[in-house]
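Here come two complexes built around chain A, the first alongside chain B, the second alongside chain C.
Right, the complex of A and B next:
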């Protein structure tokens, strides 16, 4: 490929050099100037319909839409000149003619681009005295509700469904000031990827029914994380209010999920708020489980493990750190490690390369396999007579008492504790779930990505890596770990695939492991 | 040893208390005939400023429902963090407060909640008699806030809203 030609121009007095073909808007982002825009979105084709990104280009006869104008050598662009500010003020005034003043009850309030830009550049008051246009809100099917009054017709949603999801459902119906977003007869926004139109909508016209009226944008606490619901490993923000996860939204990462995530992952967050779970360490005494201190429970578990073969049932939701510590436990006890994973239909997003809702519905299937855990349907089958069964992080969906009949002592490590397993367990060590701890997971392309803690864990539960580290310490295998990054450091130094990686290097965009399978498999 | 005390001779017209007493009593009796200034509380109450900021009231619509739409601005602006709000949806799909509680002990009566309210729902009241039998009684719930009837604070003069 030929060397990309670089073009030099000046934006707001700042010199910048960008590859040929870049738009002024993207070039401006590079020098830290945000040109207000509505219809433009980096993940969608350019439409140029909102006229919000008008900027003044010297020697050009009229203002240029910066999202659709490519850069040229020697161009001098003024984003905040009187002329361009005046034009954008006019655009905003027009947009607000029919926009209702219902910010107090609008879910987008606080993260609304119309609010932001009006506050930055708009008029203080309206000159429009006539009654506003009114259309009743409409259920678009799926998780989405449409409020036409708030719509500014940027057509991001229409372009997403047409050009990215390749499922033509939405259109612009009617003309002139009667125009609204309509959906085709007999079609609904039931596409698995349709939820992205809510994130794309710059105003509160397309809203998630699931999140409707639950919280205000400014009350939410956000944590950068990874969607744990399939092996794609989409980068997400877990948003919580009062220690409850209320929604997940995609976090841009060109290498994994671009700007999108599927509805399956988006709406499957309720298990993170589960209240029925193990909260205190328990130890069996005279045939009954009694609450114990961590200092008692961990040595009790270690005592069971010494000299016995361990059959380890891991969860593919566990982080690389926890799984690595489990491999050490397997090595010491000459045991085996297995996991099972829920499966579903694979649904690709046609407009983005190598992005799909994957068949395996768990975060770290690839990481577990890489660390030597075997995928199986009957996880308890391999446990021989007298083996210590160690169940870590398993959710027990679809399992019951009959499945573990032939095992010896049971050590339960995890957040979930159904009654039937509690009856059999000799020691219960409560751990945090995916949203409550920190760590890394490996996606199906071998990309190691970090996730951070989004909420506090209930009771005395501790992070899985910490519990496993203490357990190994009690067996006498190694010293204690204090941070997940320490565990990852140990993993990186002892496993060839992870060589050279560290939390600092991974950042929040992740890095592939050595010899990762690239591209579509 | 006996202490010698020096006794100073003073003129009678300077040390006599009779004159001072007469003077004081004259002032006292003069007040009997003056206008009375004591307010006979609680039978009689002193007037309070139209901008007085006391315990809250939630105003209601004609149908008796609270005007609040649970926008969340008052808990956000409240510097004392005394407002608890949980938003919800009613049968018509309108946003309304499921829980709206003000802890009047925590409240510092700054009046920001009234100032920020876009629906003119929450108001600080022109009211000061707030005694209760328990501390819990000072957490006003939505029912209490809507049923109270005392006058509310006027943040500005309605005749002259801009203060010109």
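Right, the complex of A and C next:
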């Protein structure tokens, strides 16, 4: 690779050296200066239209749009000088003259860049005395509704659909202050990636119908996580209100999902709030399942496993930690581990390399395979007579009593517990679901990524890794873990693919396993 | 004024020489008048020599900015492996300007010839003539002329039998003022929405289809032929004042004046003489009040300023305005300045491409305030607000449309403040009363 030339300049009195061709706005970020902006987004082509990022560059005749101006040696940039502040104040005033100022009923309120910058450096009054422009809200199809009165015409949505999704649905219609975001005739925002325009919209003009009126931004708790709905492993924030997941939004990660996620993943979060589930450990006594303490139920399960071969059906939603502990159970009992995975159509996002809604619709298919679990359509077929069937984290979608009619004792570990399996189960150990525990998953390119707990689990449910650790201890294995990072440490020291990795090293952007599959083919 | 049009004796008809002669529209008629001799001469020269002649002539862009044409042509570096383009900006939509329209209406071949010379001089792959959508008649003449020129072998693979390839295409715009802005024109030509592009990159680096492009006004390109025939010195000598402004300039005069029309005078001609002598002065019983000398987007001149102005690039600046496109709008004492400015502002608000915030919102806001003042609903604070909005609209956007909207407002308030105040203080503008006063 040719050596990139570095350019040195001064921004707000801070010296910075950046590669040639960097914009002033990006260079400023590196020294901790956020230049206010609307139309600029690092994942989109530069438009330079909002004129919010105007800064003063010494010796330049006019204020420069910092998103579209590249750095030059010796440049001296003033972001907060009177001249630049006045210009931005002017832009903010103009953006607000036709804005309905309906923050109290706007979904974006609290996470609105128009609100933020106005508080930060806008005028505290308006000189606008004329009637405001009005346009009715419009259903854009898919999950999206458009509120033109709040729109600042930054065109991020148009550029996303054109240049990233390669699906020309949106445009700027009309001219002057009559301009609105329009939809081409016969088209709707039904593209599976279209939901990103809601995140991209800096104001409350493009809203998610799914999230509409569900919560105010400041009522939400946020947890850094991984979208569990396919093997891409898009980095996300799981947002909860009162312990209910109400929204998933992408978290930037250049290596995995840039700034985006698909609507399939985004909207597929309701199962995280599922209440029809096992909440208490259960043990079968006299042919009936009865509630038991953990210190009764775990030994009961251990007793079933002792001396028997275990056929383990694991969910590909399980973390590496849980799967690793299961491999130990397989080793001890000379058993086998299998999983099944729901499949769908692969839908790439053309504008981002190697980003797609993947065929396999579960988070940790690659991790499961790497740890020795076999993918199969009939997960119960391998269970021999007398084998103990251990079902972990399985959602039982599409399965019924007939599928396990041959099995011997069944140990059910997981959040889901359909009635028909309850009849077969000897022990039920309730665990938390993906959003309720912490761990790591490995995406299809072999990238190990951490997810954190977003909500509390109901009842006596415990994290899967904790339950499995206790179970291993109860059957006599040396096993005592207090944190998922402990389990991961053990995994890293015993599996060469994970060698050298730790929670601290992974951070919240993840790292590839050793000899990870290459990126885009 | 209609044609046939006898030029005033103080005019110097170079480009307007054959206006009114319907025969000049045809190839034969044009050839009879010496047409395509310049192209023939040009094709026998080295391109760089043509550029030098244009440079020496001192020809400057006639579209408004006045950039030296020869220098612009020399920015094109042949042999970089990319196709180069010449664009002819015939999207003449500046209010009050209709000089290019007349060139295309009467002497379409002069423009075809100029385009061919320009194309050859800069080594352009193709020349696109972007004709304003509303120009239905000029478009017909241009299409006919280009067709004739191809049929006669003047254009094409073997231009005038020299073995050199010169291609000219006519493209019809869809009718947007902003497409006269050079980069918006390029977007429109490419089939995109006519939005101005951020500069840099400038067209000479990345223009039409992302390739190096030169863009010239109709009048500029049409002037290339007579310069090549008569020589750079001949052109340079047509100068009555500042040597930086040479040659002749077409002015389209409209508004409250006795003889509106298109006039061609030498650079440096006195504006007072032009208005009162060539154009016949004010209408009977009226007095000039103000002049917008270069199309709607230049500052308004008071009569004192206008009468002291020398008509060239520097002279109009010294006179408090700009030469601009040469669209002279004359406003007399029967007009309300506030009304005129409100109408101009409405035009710009309507034509804003809606990209930049200050322009999209500012032009519309300023229009609403102007119209409110015009209707007697204004306040004194409105004047300050207008000046501040105008400040926010100036020099902060991608193109100069928003500056253009602010310009007449600011110069109007500065120079005709009493009219604004009278309306604000309840005195409705009354043309008869104004004439008496």
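We adopt the following convention: the second predicted complex is superposed on the first by the 520 of 521 C-alpha atoms of A that agree within 3 Å, B and C clash if a C-alpha of one lies under 4 Å from a C-alpha of the other, contacts with A are read in each partner's own complex, and residues count from 1 in each chain.
Everything that follows uses one rule, which is that contacts are C-beta pairs under 8 Å (C-beta built on N, C-alpha and C of every residue); 3 or more make two chains touch, one makes a residue touch a chain.
The shown structure was predicted, so the numbers you read here are calculated from the model rather than taken from an experiment.
Of the two partner chains placed by the overlay, only chain B lies in contact with A:104; chain C stays clear of it. In the superposition on chain A, A:63 makes contact with chain C only, not with chain B. Of the two partner chains placed around the shared chain by superposition, chain C is the only one that A:128 touches, whereas chain B remains out of contact. In the superposition on chain A, contact of A:212 is made with chain B only, not with chain C. The wider contact with chain A, measured as residues touched, comes from C rather than the other of chain B and chain C. In the superposed model, A:112 lies in contact with neither chain B nor chain C. Considering their complex, residues 46-52, 54, 62-63, 65, 68, 87, 90-91, 93-95, 97-98, 127-130, 133, 152-153, 155, 171-172, 174-179 of chain A touch chain C.
Within the complex formed with chain A, the residues of chain C that make contact are 176, 178, 193, 198, 349-358, 360-365, 368-369, 372, 381-382, 385, 388, 391-392, 395-398. Remark: chain A residues 103-105, 109, 212-216, 218-219 touch chain B in the complex. Residue ranges of chain B in contact with chain A, taken from their complex: 69-73, 76, 87-89, 94-95, 118-119.
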